[in-house]
Every structure is written in C-alpha cells, then in structure tokens.
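Each of the next two complexes has chain A plus one more chain, namely chain B in the first and chain C in the second.
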Partner chain A sequence: MEKRVTFKGIWLPLLLVLPQMLVTAVFFFYPAGQAIWQSLFIPDPFGLSMRYVGLGNFEYLLSNPYYRASFVTTAVFSILVTVLSMGVALYLAVLADRLIKGSGVYRTLLIWPYAVAPAVAGVLWLFMFNTRVGVVTWYLGVLGYDWNHVLNGEEAMGLVVVASAWGRISYNFLFFLAGLQAIPRSVIEAAAIDGARFWTRFRTIVWPLLSPTTFFLLVVNIVYAFFETFGVIHTITSGGPQQATTILVYKVYADGFVGQDLGSSAAQSVILLLIVGALTVLQFKYIERRVHY
Partner chain B sequence: MMMRKLMVSVAAIVTAAPVMAQTEVEFWHAFTGRLGELVAEQVETFNASQSDYVVNATHKGNYSETLNAGIAAFRAGEQPDILMVFEVGTATMMAAEGAIKPVFEVMADAGAEFDADAFIGSVKGYYTTNDGDMLSLPFNSSTPVLWVNRDALSGAGIDPDVDLTTWEQVGDVLEALKVSGHECPLVTAWQSWVHLENLSAYHNVPFASQANGFGGLDTELMLNGDVQTKHIQTMGDWAKDGKFIYTGRRNEGGANFRGGECALFTESSAGYAGIKAEAAFDFDVRPLPYWSGVSGAPQNTIIGGASLWVMAGQPAVEYEGVAAFLNFLSSPEIQAKWHQDTGYLPITQAAADLTREQGFYEENPGTDIAVEQMTANAPTENSKGIRLGNFDQIRTIIDEELEAVWAGDKDAQAALDSAKQRGDELLRRFEQANR
Partner chain C sequence: MATVSLKGITKSFGKTEVIHGIDVDIRDGEFIVIVGPSGCGKSTLLRMVAGLETVTSGEVQIGGARVNDREPMDRDIAMVFQNYALYPHMSVYDNMAYGLKIAGTPKAEIAERVAEAATLLQLEDYLKRRPRELSGGQRQRVAMGRAIVRKPSVFLFDEPLSNLDAKLRVQMRLEIKQLQRRLGVTSLYVTHDQVEAMTLADRMIVMNAGRADQIGAPLEVYANPQTEFVAGFIGSPPMNFLPADMAHDAPPGAVKLGIRPEHLTLAQTGTAAKVIYTEALGAETLLHVDLANGTRATVRQDAIAPHPKEGETVHLAWDAGNRIFFDSEGQRC
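Then we have the complex of A and B:
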C-alpha cells in the first residue's frame, strides 16, 4: 500500500540530505562534542589554563546532594508542565473541533500565546502573582489566601509550571486540532449511528487515532520542559525559594554563565544530554508500540 | 587591480574619517537608567575635555552579564580596554593574571600621576593587593545603612527620632510597630551582603578565614560564628512574628519601602536617588545598627558596587588613554558630583571634602552617614573586604539557606553550618581551577 520513491545511485540523496547534516553538525554535534571535551577539565574563566580532571567534574556533581535533588525537581516540573499543557490543549482542541460557528476566531486567539517568548511570559505571570502588586495575589488575599511564592516552594513551583505550560498550550492545541481534523468523519458518524456516545467515541476511536500526535507532542514537550523553560525560571524565581525550582538546565546556566564554573557547567550539559537521549529512546521503545499509525 | 586599489583607499578614508588622530578607548559598563545617563555624561565630559582620546562607553547588561561579555570577548581576542566588574567578581579578575593589566601598572607605564593613598581606605582595600598595589579602580561603591520611614513611626505612636543605634533598640521598635498593627515593620535588600558580610565586618568578626580571603585561596567560610548565628536567629524570629518581611534575594524590598508600606529598610546608601525621587513620606538615614554586647562593634562596614578593570593585550597608546580617563574619573570634581547625584560613596578623601565644602551634607542631612560609617575606624583584617572565588554562587547558597530560616524550615545554626559546608566546596573548586 505504501508509496515508495527510490533514488537511483547514492549521490543525489546524499546531496539532498547534506544541508540538514551540515546544520546538525554545526549546531549540534560540534557544541555537544565541545561540551563533552570541556567536561573533563576545570578551566579558568578566561581560557588561560585548563586542568585535566578526568571524570572529576561528574564525581563532584553526583556526590552533591543538592545536585541530586535537582533531578527530582526537574522530573516533577517536566511531568507537570507536560501533563498540564497537553491536557488543557487536548480539551480545547476537542471543543474547537466541534465548533461550527466562529471556530476561526477561537483558533486564532488560542494560538496567540505561542508568539510570546518564555522570558516575557515569565514576567507577565510574575506581574499577576507579584506578592506586592499582583492582581491575582490581591484577589487571593480577598479570599483569605496569603500568596507568597517568594518563600513558599510549592507555590513557586506551581507558578513556574503554569507560566511554562501556558505558551505551550497553543503549540499543542495546534497539533491536536490538526490531528482531530484528520480523523475521518465517517468513522465517528458510524460509531454514533451504532449508539456510541461522545465519551465512548473519544475513548475507543478518537484517542487511538490521535495517538501519533499525542506521542509526538509527548516527546517534544518533555524536551521543551527540560531545555527551554530556562527563561521562565530565570525571570520568576531564579531557582528559589531555597532550591524549590532549580531545574537542571537552570543550574547549567547559573554555574556556567553566572558562576563561570565552565567545567561543572559542561559536565551538567552532558548529563542532561544523556537523560534526554535515554528518555527519547525509552519513549520510542515502549510507548511507540502502543501508537497506531 | 585598479578597482581594488580604489576600494582600499575608499575604505581607508571611510574608516579613518571619524577617528582622525584620536585613540579610541572601549569602556564596557553595567548601568542603565539614571546611572547610565550619569556615566554617559562623565564620558562626554572627558571626551570634550581633551582631543587625544575618545572613550566609547557601551552598556553590556547587568553586572553578571557585563562580566560574562568581558570574559567571552577576551577569549575571542576582542576585549575592551576597560571592563566594569562588581565586587563579587573581584577574586575572579585577580586570579586571571594574564587577562588583566593592574591599574597601578597602567598608571606607571603611562607616566600618569597617581596616588593610591588618595582613596578612602576601606574602598581602596577591597581592590588592592596585600602589598598595597591597586589592581582595579574603585568606581561605584556603597555601603548598607538603615532607611527609616518617619511617618510610619509617628503613625504607630513612636517618636520618629527614636534611637536605632543597636539591633536591641530596633527590636523594641519592631515590637511597637507590630503591636500597633503595622504590616511591614522591617524589610531588607541584598540579605547576604547586609546581614552576613557587613554584619561580620561591622562586629569585627571574620566572614572567612585567611583574612576574608585576602590571604590566599585556601580560605574557608566562617559565617557560622556566634554573632552571625545570633543575628540570623533573631531575624528568623522576627520573620516568624511578621516583624521582618522577606521580599526576595535582590533589592525587591525597595519597592515596598519607597511605596510607604515598610517602616525600616536595610539597603545600600546608593538607594538614596530612588528613595528621594519616589518616597511620598518623610524619611531619614541612620547608620546600620549593631549588637551592643559585641566588643569591637561598631567597627566599619564594607563596600558593595563595582570597580574598573583594565584588560590585557591592548596597544600601549590605548593604555595612555585609559590612564587619562581613570585619572579623570577619580578627580575630586567628578567624584563629588557622582557621590551627590547617586548616593554612592566618594571614593577619595578629596571628593568627600569637596562635597562638604559645597554644603551638600547640610542641605541633605544623612547623606554623610555612609561615609562616616565606612571611615570611622581603620579597617581590620575582618573589615577590609571579602575576596572569595565563586562568590556569586556562594551568595546564592547563602540566599537559599537564609530562605530556609525565614520560612521556618531550619534554625539559624543549621542553615549557616550548611551554608559554610556548601560554600567551602565551591571555594575548593575555585582553588583547583586557579592553582
């Protein structure tokens, strides 16, 4: 059934793949190689000297209980961001998919937040929840709840999760909506005629047929939560209070770009690289089996 | 061929035209807003005052970002002549021997007249070697003081002229404020700098061994001593009782104070410009309080702020321009104006004297308190300054541990012991990187 296009010879396909390979090499393999190399040294910030320490940087990091605690923080953060942004996006997509009138307007509005850069999103949410002038904080105060994410770690975590997930909902919404619209109406109508209600149709037909999209978004969102949420954390909490929101990628930044400890920072990037690699392999190995293409 | 020659000469004319015979000096700084304007004004005045050199001032982000930009530029061989580095980065710059050219050397090479002793002792001490050689030029230096909202005190039925010399007296006032229903009796900025680093210097107890790091890289934190523990425990108790309100790691509390919500505020003397501009209440400045029972207190407080480092690897003629510019910056007139505009300390005795002669202190009572507090006593080993590697990260650790105290998760002793242990690890790493 599948349509296959085969090239004659090897040169044309190579040529076509070359630009992508070059981009990957320059922007991924080269920096990743540099990070691995640097993680074996303790360099001084100015690049005047480098002391070879072998795996010393890794030993130093992994023996540090605060660094190990950061793994748990990262896991909690990533899971919350992924579940929240995908859950809300799916809900909105299902609603938008059933709209008959004005669906274009809803869709456009729902996609807007994606255009907001993470750091800006962080500042926006910080303003609403500012302990002193925040609108939400004020209303919560009226309701008798004393919001203080500056000292309360759980509130801080909640705030960075919501701020990180917010912009992401648009992106996920877009994919879910496209996925929903690709499901043939006839299948759903047939089920409806057979007497299946909305929830049954969703569970038995829509959800399985949507699984490739869901799987793709799962991978992409976890990578997002791991790497791209730095701006939000930086603007809202700077990793605090205590270490409640110090996720791994924020520590890479803090140690490397603020603390000038390039050896440790490089070692942390390598660890991150390994984690995300392992996660992706796991996802493809176990979850993809349950995906229906 | 013809074409190429033409292009080369055109290019030469185009690039040479705006420069003429003047030597350009690149200066990277970290100031925006009002401070940025004042720096730009200083640079313009210098450029207009002579025709040999042109200083190009560029804003490179906040303190950390500016230091980073300088480091990255050095690695790429594109470093500026002058880089502004905050006091926390001092040890990093000092350890980078091949990357910097000490100020005393720049001055000597250029044959410029330069008297390091003209600078106020506690300002100079922070940036000189143990032999008294000045490595970087102090630029903006401030020291913590106590800001008082007089209206808030009167409102609570407290005499606004109440004595706030000691923390014991402050404690009584906080209690009175609390009883009267005040919601923000005390707030602070830069908690580690004010309540640990300066607290230690002010009570003449060490913050770190090896003379606070001046004696060598094999230094260890000593911030968990009796004085510090007592102070942090008291602050923790105040936080629990709602007498001390924690607002964040930087100077977030400034907004609360300037808005009139808080009665007392421990913040840098450089908070003056902002408070004067925004406060719609009667305020005054008091010296930083101390604990009365500690012998040796009050010693002197230490500075925060930034200094100007000269980067290595530039042509000699540019260093002459650098020397001229740095001398210009430390001249009494420029310094006195800077001090009066910003609330930063006058870095030379001459500038302080000039400010007094101009009658500034009489018109703006309290603005000389910071100067007096810094210069009241000759600095000791414990109050000369602090020179620690990885200090920015150590401050983050201190922030984290203090937050644990304010939240009631840890007592002061446990938090400070943990801060010492975690900070010492970073000090060992810095020692390793710079051996």
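Then we have the complex of A and C:
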C-alpha cells in the first residue's frame, strides 16, 4: 500500500517542492524557453540587436546540406557506439557470468572506466592515437598502416566511436551481468538437459530472457551517444575533419559559439530538445511497462 | 528404460568432501527415493547422475555404460526441478517441445508426442498459455510433461513437490506414482519429506551427512532401521529413544533403546510416566509423556481408546519384539 501524507495547509507542501521547482526552472525551463525564443530571431554577432525571422532558422537548417549530413553522421555514430559498447559488454558479461573464481576482481576492474570523465577518456585515446607520438599509431606504422585521423574522416569517426564506447562498456556490462544472473540457473540447466548446447541455449533461452535489459540499454545508450559524447568529440576531433564527426549536439556548439550564429544554434537546440523528449517518452513508457511486468 | 549404478561415488567441493562414497544398483523401472535432511548431499548426488555436477571419484553408470564424462544431454535423462525451471518466455507447448525441436524431431511427431503427454497430464487446455499464467500444480505438470515427451530412460526428480501446498502435494504425489507405474521409467526422486519417500519408493536411500545410512524398501527400513539416524528420521512422530538400561536384557554396548510410538502401550504396571500433553489428531491421539529419568516419549493411541488426562501418571509397556538397540556410534546392535 502506498503511504500518503496529508498536509493541512498549502504552504508547507509548496515549500517542500520549491527547491526542486527552482532547480528545474533555472536549469531547464529558463534555458529551454530562451532557446525557443532565440530560435525565432537572428541576432547580430555582437548581441546588440535581434531580427525576428519566424521559423526562418528552421527552414534554413532543414534545407542546409551540412545540417542534414550531421543527422546522418549522428545516426552512424550513435549506432556504432551503441552496438560496439553493448556488444563488447554482453560478451564480457557472458564470460564473467561463467567465472567462478576471481569474479569480484574482474568485475571491479571492468567498472573502472565508467569513472573516467568523457573528456578525460577522449584525451587518453587521443594520446594513444596521436598522429605523431601515439603508441598505437606507431605500432600501426610498424605494421605498415599510416594512421591519420586528422585527415581521414573514417578513421576520425572510428576513433571517436571507440573512445565513446569504451567508458560505456562498464555501464552496459553491469546491467548485462545483473540481467544474466537474474536468469535462474535451473532454467539453463533444464535447457542443457533438453539437449541445447551453449550457443543454442544463448539464442533460445538467455537472449530472449535478457531482452528487457537489452532494450533498456539500447535507449540509454542512444541517448548517451546523442548527447553525452560532446567531451570526447571536442577533445579528439573537434568535429573534423571536414565535419566528418560533427554530430548534432556538437554542431549546436560549433555553430553557436564558434560560428556565432546564435539563431541557428538555438533552432538546433530546439530540434534536439524534441528528440530528447521523444526518447524520454519511449524510455518512460518502457520503464513503466517493466514495473508492471 | 535402463538400469542405473552408482559405484563408490564421492564429491568434494574444494577440500570439503560432502559425499563419502555411495554404492547402489537401481533396477530397470525401479522408483528410488533419496531422502534425508537438508544438507545431507541428496540433491548433489542427483545432480551428479544428471551430469550437472562433476563426480569427484567413483562411477555413474546408466544402462551399463559409464557416463561420468558425458554431458547431461548425452545421458538420456530428464529432470524435474524444484522450481520447475520452465522457460518463462515460451508457451506450455513450446516448453514441452523444446527438447524435441533441438533434437530435430519432425514437426508432426513433436505435435503428436506433446499432445499425448498433455492428455496424460490434463494439460490440453493450457498449451497456448505462458508458465506465469498457470497455477503451481499446473506448472508442476508442465515440468513433468517436458520430461515425459523426450521418452528418456531415466527420470530425475529434485524435490518436485516442495513448492506446492500440502493438499496439492498429496494429490501430485499420487499422480507421480501412477505416472511412473504406467511409463515404467527408472526414476530417482529426491525429497526431504519422509512421507513422500515412504509412499513413492520401491526402495529408498536414507542419506545422512553424505552417506547412505540405509537402502531398502520403505516398510523394511521402517521396521528395521540400521542406524539411530534412520530410526529417528523415518516415521512420524519419530521413534522414542530411551536409555538402554531400561531393558534388563540389553546387549553389551547398547546405549539407547528405540521403540516406535505405536509400540508403546498403556498398562496397569510397568514404567511409570507422567502425561505432559496430549494431541488429539482425529484418527489417533498422541500422548507426550515424561519418564522418571526425564526422557520424553510419545505414545500413539487409537482415538477411540480412553486416554488419560494431562498431568496423570500412566504405566508404559512394550513388546520385546518391537524394540531396537543402538550403540554409542548410533549403529544397530
């Protein structure tokens, strides 16, 4: 049974929710409102005057090939990061689930990368792949491969994908491992007696029973790849070369703060806001279903 | 159909040996119940037969062939788990068909065999349901059905009834017995419930701390327990243990005298005892009495017999043919 507290007056409850409301107002409603407002104007670079253009910013954006290309870049980037981080995490979780000795150490070590901030992770990977002093670059050179993500867009994409996925593996690993361990051992044993070998068991029993976890992680990881990878991209490629790694959220920054086109930047923020909204609705719907399940 | 032989089976987890050598030959079609308190190693023993645990030493034979190194799927066995272990995302039909599908059985034959098992277990109306939409008894039947459809040569049951309520347990117990008779499949059944063991078993293995204390037909074990543990574990209420010196003709070395509650009778003279409390169970009445030396004993009486009140002093008598002596090691003497 739900416990409900009944207040006599209106002032105490208002006072109690006030901090939350203030935080939300200051950090969400105000900037979001500001963005929507600004997206309807074109200010001059010095911020001294603003000209009302209606939906002009949006019209311009949607007809702009660079912006549309950024959508494709974002899609490619998000899919690669999600698939890579979830795939590796699932593989490691399956191994860890079978581990009997030393699983504590293994798990602890695997969780560490999650504690590394995205920007720091970016710098870390940048060091390893630096075109002149990077360790990996040097070994690749020994093998006869000339690594240069500063010039090669595909290599740049590969690097930011790996750097973004790396920290994320820990998080996904934790969820996958918990999901695997929630599957009753006897169900797996029953399948083994029924004649299913490891791979068949995984395909017909484990994977379907893991699907709530997988779906949850899918949504969370897409949101991550969309919005929280800014630090990695900023430190490694700054969106280059030739916008090859400019995902939507980076373009908001690049157009607004580097390009000084605040109206367009604001309009892009509004579009992102809609995408976040849609993803959040999806996530909430899903989580609610899980609670009832 | 197959025989099962366990030859000197031991099991160690790390340095701790939990099963200390079990030897038993199970005939084709026999219903064997492994019974014992929690932690005695009975489930571990069953899991070694299933191939879910490795055998530390000794040999498991099914149908005369050594199967120690065979995977569970290659032992031609089926197992019913305590929590049923149904596949939650599959319908009842798919749960039962799973093993056959993996074996590559033709679809028509799968349908036929599942339908046959469903009829046998009265599950025809539930084939499209998911396990979570079924009651405990129905889930139990599905677990049985999954075992039956594969037509294995050995059934293994790991406490299959312990998650059911008392009434259903009695009903399912009968069903399992009938089913096993009908199919004639060699069965190993693990339980901690001595009533299940008594009613189901052709022969039972009474386990105590990793050893088989006694192997035999239920009534034989009941009448002639070989150890104090078996005597106390089989039978409800348990056997009374009195000091051996209460009998003048106790064999040398005997420290305890065991008498079943139904073998103690009230007499005019004999050992004096005070009635502490009585339990009227309908068909019978249990008298709990304290002897002069402080030993607590239970007397089982017909409910219709006039029984003394609590606090009264009674005299106990017993027939010399119904007593058993145990030495300080708990062995029969």
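Definition applied: the second predicted complex is superposed on the first by the 235 of 293 C-alpha atoms of A that agree within 3 Å, B and C clash if a C-alpha of one lies under 4 Å from a C-alpha of the other, contacts with A are read in each partner's own complex, and residues count from 1 in each chain.
Keep this in mind: contacts are C-beta pairs under 8 Å (C-beta built on N, C-alpha and C of every residue); 3 or more make two chains touch, one makes a residue touch a chain.
Note that the coordinates shown come from a computational prediction; the quantities given were computed from them, not determined experimentally.
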Chain C versus chain B on the shared chain A, clash or fit after superposition: fit
Which of chain B and chain C A:Ala196 touches, first, second, both or neither: second
Larger contact residue set on chain A - chain B or chain C: B
First, second, both or neither for A:Val72, with chain B first and chain C second: neither
Which of chain B and chain C A:Leu143 touches, first, second, both or neither: neither
Touching partner for A:Asn152 - first (chain B), second (chain C), both, neither: first
Touching partner for A:Pro208 - first (chain B), second (chain C), both, neither: second
First (chain B), second (chain C), both or neither touched by A:Ala254: first
Which superposed partner A:Val187 touches (first chain B, second chain C, both, neither): second
First (chain B), second (chain C), both or neither touched by A:Ile10: neither
After fitting on chain A: smallest Cα gap, chain B-chain C, Å: 52
Doubly contacted residues of chain A, that is, touched by chain B and again by chain C: none
Touching residues (chain side chain B, partner chain A) in the complex: 64, 67-68, 71, 74-75, 92, 95-99, 246-249, 252, 255-256, 259, 261, 390, 392-393, 396, 399-401, 403-404, 406-407, 409, 422, 425-426, 429, 432-435
Residues of chain A defined as touching chain C within the complex: 184, 186-187, 189-197, 200, 204-205, 208-209
Sites on chain C touched by chain A in the complex: 50-52, 71-73, 77-79, 81-83, 85-89, 98-99, 102-103, 146, 150
Chain B-touching residues of chain A, taken from the complex the two chains share: 42-48, 51, 53, 60, 64, 66, 131-133, 150-152, 238-243, 254-255, 257-261, 263-264
